[in-house]
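Read through the structures below before going on.
Below, chain A partners chain B and then partners chain C, in two separate complexes.
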Partner chain A sequence: MRPDLAVLGAGPAGATAALVAAGHGLSVVLIDENGAAGGQVWRAPAPHLDGGGEARQGGALRAALAASPVVHRARATAWMIAREGEAWRVDLVREGRAETVTARGLVIATGAHERIIPFPGWTLPGVIGLAGATVLLKANGVLPGRRSVVAGAGPLLYLVAAALLKAGGTVAAVVDLAARRDWLAALPALAARPDLLRQGLLWRARLAASAVPVLARHAIAAAEGEKRLAAVLVAPVDAKGRLRPGAAARRIEADSLAVGHGLVPETAATRLLRLPHRYDAARGGWCAVRDVSLAAPAPALWLAGEVGGIGGAAVAELEGRMAGLAAAQALGAASTPAAAALASVVVALARARRAGAAMAAMMRPREGMVDDIAPGTIICRCEDVTRAELDAAIAAGARTLDQLKQWTRCGMGPCQGRMCGEAAGALLAAAVGGRERAGQWTGRPPLRPVAADALVGDFDYADIPIPAPAPP
Partner chain B sequence: MSAEFDCAVVGAGVMGASVALPLARAGMRVVVFDRGPICREASGVNAGTLTMQMTRAALIPYALKAWELWMDAPRWLGLGVGTERRDGLSVAFTEAEVAILEARAAARRAAGAPIVLIDGAEARRIEPGLTDRALRAGHCPVDGFASAYLTGRAFRLALAASGATLREATPVLGAERSGGMFRLRLDGGGTVMARRLVLAGGVWLEEMAGWFGIALPIKVLVNQLAVTERMPPVMRSVLGIASGLLSLKQYPNGTVLIGGGWQGRGGRHDGRGDGFVPEALLGNIRLAVFVMPALRRARIVRAWLGLEAETEDALPLLGPLPGVADAWIIGSVHSGYTSGPFMGQLLADAILGRAPALPLFPPERLLARKDAA
Partner chain C sequence: MRGSGESVTITVEGAPVVVTAGLSLAAALLEAGHAVLRPSPRSGAPRGAFCLMGACQECAILVNGAVERACLVPVRAGMEVRLAGAHEG
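Right after this comes the complex of A and B.
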């Protein structure tokens, strides 16, 4: 396919960018690995569920997409992006077959993934991410367990806890890294977004009505169980997420623990393209760098949504609008966007970003958390690499994340470092003097593991263009 | 203040590190520089194949010695690099490839590699998962592989234990003779003085030779590699094909490494990894799936590029730097990872005034060719 614009990611940012660009007359291909547009936050609910406000926003988006000329490549795994001549080439695999999309412009809107800082027992069955819990609840209407503990940081905590109650589950406790006063401090920024504020208060009210204990400035000290989760130990922490020495842990019986320590920009694509990134803890960590119109320092490339920093769905949607307008302008769309349209997005974005920044700060990495990781705790679950092994490699002279990966295999498994990267980065940063010095894992293709079968298709030996052999 | 050393080595890949280690152990004050971390270029990202069948015939005696060293790495290096001894198979599917295979096997056998030619059925007894399309195969029991990504860690600890000074992330901008010594100019303004100099910069040797006005053109190969997720055992040998464009092996952890020298784009000035060519990956994986059909079930988890250096005659630079007293050069060796530890020892012997066990490859031959042209 050879559209004017390819958009990677069909969350609020990507889908909006696709719609806006198509609305101005560009031909657009929207690529996403999920079955329906909406991303994580506006995920399509199971047919029998009322997903609430976010699902309604997602529903409107999906309806608009269906009515638009945007070509939506759903259930597609984009595995490679490269500049080819004057175009962007995206290689993807869909329904077991390889496809190539070549476009004059590209919007990368790959969103975010969850940060989970390991603790003893975090790999037990029954322990899932907050994001994973929302998928179960929203998309499948499935409870992760009968009696759940919800732990970590940020608004997702309360969203998940409220959704668990609504689905008929029991929430044994909400364990929040933030103090009550941290939330109060965020209120002024939220004043610009009464909708978010109302939603948050509703979640809280639902917890209060069910007498769910909210343990502020607490964290999971350990998850316990033989074959699967039976209980969690929770204990008070300081502002940096460090367990308070000597403080007693309390034991809460639970068969499920939904835990997430915030969101991290999903930068596999921007790292693959060797684009610049900046470490900004308040915006989730390593963020891809864009200019005010979201253009990356590369031809006809825009970075929309949380790939450039955690900011929430409202910011992502507006950034999608901005990227769609910028692409329409740059690629010479049939109808040129009015300057006023861009200006109004700029104003709306400034408002939305204030609220987004307050929520992102609630989910910031807390550097003290890795201090408490026990030597025997697994950091990289794909490759079974413990903290002790990482410490040994750092002691042996590993000074960059790439080196740490080479020497321990941490991050070499199927999750490609998404699960362990934050903890490994924080551990190394403590030794080398900051996340900037520790660096990022170099981006490599494929962007996601890709089946050889789909790549190679049907072929015979004679079809393989074998180059000339080396000299004898 | 500038430090003084008996020998400065520029480039901390397997070549530079293998020269530095015996020098330091012999009592020299040695400093090793690298612009990045130790063994993070070709030495750390190559396919780790320790094979005779893809080594140039002229280098077989060196590769055989180095193979023994790699298999015995914990003894002389301290840490191992995950080496495994395996049968090696080089397979031919067409009559034309059989002819290539026979010629290559004969040349290598004459040089000392114990390669025998077998038919497809015999090859499948050695490697049961091999395609039934194989006509002939070269079989070599002296084969195997390392986990190249462990190389830097092992050499780093060994260098530290030997007393050598390792300066990573310290680019050397240039070097010149000064009062019977070499003065190395470092990025950031410092200088270091050393009595002897070893240039071991891999694909960057062309620039380094240029510091002394020596023109040594170095061709750069941009090799693409890919690795699968862990999968159940599908193969036990090290597999290649007669034309040389495949190397295939399964590590004990279940991952399968797919390489062979399919070319990406770019060069030594671009940094590695910027010129990945999807078609080349596709060709490489198709070849792998054709040779080992079970790999159709594999999932590719990571692919990358590594730069390989080659001289005009595809033979190493290994010897004194022409016209510059006390300066030496090592590198640009096809299958250089395989032969590296032994070639490093050879050069260290020459620097220490000992007779090398095998002849060096002095770079004059390439200069002479240049003058004649």
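Right after this comes the complex of A and C.
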């Protein structure tokens, strides 16, 4: 396919960028792994479910896409992006077959994934991400377990706990890294978003009505179980997230634990393209760098949404609008966007980013948490690499994340460091003097694991070119 | 929140399992009581679905003989599922 614009990621940012660009006359191909557009936050509910408000926003987006000329390549796994002549080439696998999209412009809107700081037992079946719990509850209508503990940081804690109750589950406890005063301190920044505030208060009221214990300034010390989760140990922590020495842990029986410590920009694609990134802990960690119109320092390339920093769905949608307008302008669309249209998005973005930044700050892991990871705790789930193995490599001289990976296999497995990168980066940063010095994993193809036979496709031995024999 | 979902039958390790249509395979397996999806490749410890959005690869199991992320695959009637990862394929 050879459209004007390719868009990677069909969440609020990518799908909006595709719609806006197509509205101005560009031909657009939208590429995403999921079956329906909406990303994680506006994920489509299963047909038999009535989603909530976010499902309605997603529903409106999906209806607009269906009515638009945008070509939506769903269930497509993009595994390679490269500059080819004057165009961007995106290689993907869809339904077991290789496809190539070559476009004059590219929008990368790959969103974010969840960060979970490791603790003993976090690999047990029954332990899931907080965002993962929202997928089970809202998109599938399935309870993660009969009796759940909800733990970590940020507003997702209360969203998940309230959704569990609504679905008929039991919430044994909400375990919040933040103190009540931390939440109060975030209130002024939220004044710009009374809708979010009201939503948050409704969730808290639902928990109070069901007498769910909310343990402020507490964390998970360990998860226990044989074949799957049976109980969690919960203990008080200080402002840095460190377990208080000598404080007794309480044991809570549970068959499900939803835990999360904020979101991390999904930068595999921007790292693959060797684009610049900036470390900003308050915005989720390593963020791809863009200018005011979201252009990357590369030809006809825009970076929209959380790949450039965590900010929430409202920011992502506005950034999608900005990227769509900028692409239409730069690629000479049939109808050129008015300068005023871009200016109004800039103003709206500034306002939305303030509320988004306050929420991102509440979600962030606390800086002392990695200090408490025990030597035997697994950091890299794919390769079963423990903290002790990382410590040994760091003591022996590993100074960058790539060196740590080469020495220990941490980050070398199928998730490509998405689950372990934050903990490994923080452990290494303590030894080398900061996350900037520890660096990032180098981005390499494939962006996701893909089956080699899908890449090879159908061929015959007659198709293999045989070089002419050397002259005698 | 639960409506009257239609059912489909899949096979898990050779045994028929009735699941709700429209769910992801990962959600359907969890609902059917299969929290353990595969052993981890190095230690052999049990693993289950974790991120549920395609990033962590913990739910990558054998579906009709090919490795698929169960969280991204919708259940389909007749789907043959093995609770094993790429290493067992």
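Just so we're on the same page, the second predicted complex is superposed on the first by the 461 of 472 C-alpha atoms of A that agree within 3 Å, B and C clash if a C-alpha of one lies under 4 Å from a C-alpha of the other, contacts with A are read in each partner's own complex, and residues count from 1 in each chain.
Quick note on the criterion: a residue touches a chain if its C-beta (ideal position, glycine included) is under 8 Å from a C-beta of that chain, and two chains touch if they have at least 3 such contacts.
Values in this document were obtained by computation on a predicted structure and should not be read as measured data.
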item	value
Partner chain(s) touched by A:R94 [first = chain B, second = chain C, both, neither]	neither
Chain B versus chain C as contact partner of A:R351, first or second or both or neither	neither
Which of chain B and chain C A:M80 touches, first, second, both or neither	first
Contacts of A:L124 with chain B and chain C, given as first, second, both or neither	second
First (chain B), second (chain C), both or neither touched by A:G413	both
Which of chain B and chain C A:A46 touches, first, second, both or neither	second
Which superposed partner A:P144 touches (first chain B, second chain C, both, neither)	second
First, second, both or neither for A:P465, with chain B first and chain C second	first
Touching partner for A:L136 - first (chain B), second (chain C), both, neither	second
Common interface positions of chain A, toward chain B and toward chain C	413-414, 449, 451
Complex interface listing, chain C residues touching chain A	1-6, 20-24, 27-28, 30-31, 35-37, 40-43, 45-58, 60, 66-67, 71-72, 74, 86
Chain B - residues contacting chain A, complex	37-38, 40, 44, 54, 56-57, 93, 100, 103-104, 107, 133, 149-150, 152-153, 156-157, 160, 168-169, 227-230, 242-245, 253, 261-263, 271, 273-274, 276, 278-279, 281-283, 285-290, 295-304, 314, 334
Residue numbers on chain A that touch chain B, as the complex places them	80, 82, 89, 91, 98, 100, 274, 393, 396-400, 402-403, 405-407, 409, 412-414, 416, 442, 444-446, 449-453, 455-456, 459, 461, 463-472
Footprint of chain C on chain A - complex, ascending	33-35, 40, 46-50, 75, 96, 113-114, 123-129, 131-133, 135-137, 139-142, 144, 166-167, 227-228, 266, 381-384, 413-415, 418-419, 448-449, 451
